[in-house]
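Listed next: structures, encoded as structure tokens.
You will see two complexes here that share subunit A, one where it goes with subunit B and one where it goes with subunit C.
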Partner chain A sequence: MTAVMAEALDRGTREALAGLLLAMADDEFVLGFWDSEWTGIAPLLEEDVAQSSIAQDEIGHAQALYQLLAEVIGGDADRIAFGREPAAYRHARLLDHARTDWAFSIARRFLYDTADAARLDLLVACAWPPLAGVVAKMRREETYHLLHMHTWLERLASGGDDARGRLAAALERLWPDALTVLAPLPGEELLVAAGILAEPMAAAEQRWLASLRPIFTRLELPFPFIQLEGERLETTLAVPAEPRDGHDGSDSFRWLWGEFTMVYRSDPEAVW
Partner chain B sequence: MSPVRTPTVEAVWEALAEVPDPEIPLVSVVDLGLVHRIDLDLEAAGGGRLRVELLPTFVGCPALELIRAAVAERLAGMAANVEVAMTFAEPWTSDRITPEGRRKLRESGFAPPAPAEAAEQPGKPLFATIAVRPTASCPYCGSQDTELENPFGPTLCRAIFWCNRCRQPFEQFKRV
Partner chain C sequence: MRSLEVYEVFKREREGGPMIHAGNLLAPDPELASHYAREFYGRRQESIRLWIVPRAAIRELDDPDLLQPPFDRSFKKPAGYSTEIKRKLAEARGRVDGRVEGEPEEVEAG
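This part shows the complex of A and B:
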């Protein structure tokens, strides 16, 4: 695939690219801030360090993606990150939930990290070089997050009744919203045609679910999907109709937004 | 400011070798393999142009701007226009750390990152090796009998290990 320049893309494709960058950046940004809520109060000192480090990685990824977005649509990355009202964020609904307890945070992060890995796989050969470069770097860092989340999922699933019960309950509650991460994005077919995205999100979602199935089966954790003809996995759950909109309706996200925009709202020119 | 002698690409490399990592000052930006490209054009309009591109070790590393500014300060005056930029044009990997850099890391009390797996494929970095636990040799006693305590450490680029022989923790510069 020959490299494409963002300026050379037609308007529809540019808008779709901006939508993809905003969705990815907002995902990493919001999850990074939820992670940072564990700083100082994680159940183990090691986890205090780990969650803080993971949070810093995610916010760094968001920063790089907002920077790319600013190159596509113009404007300033900080302003895009901090200068919007809650309704204008485009993260997946999975990331609206508060951190809740440890098992809930692990369940959510496991679902997100594995889905995000499937999304990054679609961008490895991205025809827009700046995004391909950031993705190559992100994948290497996300490897550590995945390793860590696989370890914790196993640990809680094979722990006592309390740990196992909390993990299973969290997964039951999160599965419908987990399907918002790889929900189709507006104009994604244009991105596929331009060689920016290898395949539609639905293809990544199927690969993601297929990769989780043996793990959830072995650990006897909730996996609410049935296999239709062929390999296709379908869910019986009610998936949210607006996977990435309407966040102003989430009390927990509104609260988090108030926290992470506090400095920006009091002084938009602040430097730190 | 006019340069004392006509700068060369070699002189730029020598200058870069004097810029320390802000966290581990014994190692330089050259030892860490951060330098992606040096473009020196003495014929450029306005008295010559020097552009240096650096690779971030981690996307969210808070020291990136410090490193960029320290490099820009050291190179100031080598051409009329000096530009230092960060780029993701290729991913920095821990295999870019030079043998000298690995020696200096050990001297600073850090285990250098393990070398890349031979099986690693260019398109599928690390994800294929997810089941492989990171390993490290103790920088104090050299023992291989070590355990990963935490893949996350005090900075993004470090992991924490425990040495079973000298019975103390140590840090590894992560393999990425």
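This part shows the complex of A and C:
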């Protein structure tokens, strides 16, 4: 694949690239803040450190992606990250849920991390070198995140009735919104044509579900999909019509937004 | 959290360096112990290798009769031996410089 320069892209493709970067950055940013809510109250000190460190990694990924976005659309990465109203965020609806209990946070992070891994796979050979570079680094850090989440999923699934029950209930509640992470993005066909994205998001979603199926089957956890003709996995769940819009309608997200923009809003012009 | 176990962690900071004791942690199983060791002793890129050992697997020896016997053991130490040689040499030099009577000449030549 020949390398492309962002400024050489036509307007539609640039907009689609900006949309992809914003979606990915907001996902990492919002999840990072949700999981940092566990700092100080995780089940044991060691896990507290682990969970907080993983949450920090996600904020780091968001920072790198906002930086790339600033290169494409101009402006300042911090302003993009902190200077928007809740309605302007483009994270997946999966990330509108509050932290809730430990099993819920693990279930959400497991679903997100595995879906995100499938998305990153589409960007390994990205024709825009800056994004390929950031993705390569993200994938190395995600190796540990995935390992940690698989361990916790197994642990809760094979724990007592309480742990298992909470995990299963969380998954039931999260599955419809989990499908928003790899929902098609506006203009993604332009990104595929430009070699920025290897395939449409739907291809990543199928691979993601296929990879989860044996795990959920073995652990007897909720997996609300059926296999139609061929290999395709389909769901009867009502997936949200606006996978990445309308976050001003979420009380949980509005609260989180208030927390993570509090310092920035106190003086947006401050120099740190 | 059910039964937690203590794990001792050793780290290597650079290629060719020794494994040194880094500290310890609590974990509910060996797998999470590895994850936590990574967080505690590796997340700032300060290690290139970690050993994670359940404390229960460590054989401990702290009996003073075995480790700190009462009689002088300096003759078992290489440093003690060389100190003794140095002392004898210095003594011999002193005797030659001081023209001590009846001492053989060869001592200085050695």
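The criterion applied here is as follows: the second predicted complex is superposed on the first by the 269 of 272 C-alpha atoms of A that agree within 3 Å, B and C clash if a C-alpha of one lies under 4 Å from a C-alpha of the other, contacts with A are read in each partner's own complex, and residues count from 1 in each chain.
Quick note on the criterion: contacts are C-beta pairs under 8 Å (C-beta built on N, C-alpha and C of every residue); 3 or more make two chains touch, one makes a residue touch a chain.
Remember, it's a predicted structure, so these values are computed and weren't measured experimentally.
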{"item": "Clash-or-fit label for the pair subunit B, subunit C on subunit A", "value": "clash"}
{"item": "Per-residue touch tally on subunit A - higher for subunit B or for subunit C", "value": "B"}
{"item": "Subunit B versus subunit C as contact partner of A:E141, first or second or both or neither", "value": "first"}
{"item": "Partner chain(s) touched by A:G60 [first = subunit B, second = subunit C, both, neither]", "value": "first"}
{"item": "Partner chain(s) touched by A:H247 [first = subunit B, second = subunit C, both, neither]", "value": "neither"}
{"item": "Which superposed partner A:P43 touches (first subunit B, second subunit C, both, neither)", "value": "second"}
{"item": "Subunit B versus subunit C as contact partner of A:R109, first or second or both or neither", "value": "neither"}
{"item": "First (subunit B), second (subunit C), both or neither touched by A:R99", "value": "neither"}
{"item": "Which superposed partner A:R14 touches (first subunit B, second subunit C, both, neither)", "value": "neither"}
{"item": "Partner chain in contact with A:R166 - subunit B first, subunit C second, else both or neither", "value": "neither"}
{"item": "Clashing subunit B stretch [against subunit C; choices 9-17, 81-89, 99-107 or 117-125]", "value": "99-107"}
{"item": "Subunit A residues contacted in one complex by subunit B, in the other by subunit C", "value": "46, 49-50, 53, 144, 147-148"}
{"item": "Complex interface listing, subunit A residues touching subunit C", "value": "43-47, 49-50, 53, 144, 147-148, 151, 155"}
{"item": "Contact footprint of subunit B on subunit A as seen in their complex", "value": "46, 49-50, 52-54, 56-61, 63-64, 117, 124-125, 129-130, 133-134, 136-141, 143-144, 146-148, 150"}
{"item": "Residue numbers on subunit C that touch subunit A, as the complex places them", "value": "1, 4, 25-29, 31-32, 35-36, 38-40, 43"}
{"item": "Complex interface listing, subunit B residues touching subunit A", "value": "56, 58-62, 87-93, 123, 125-127, 130, 149-156, 160, 174, 176"}
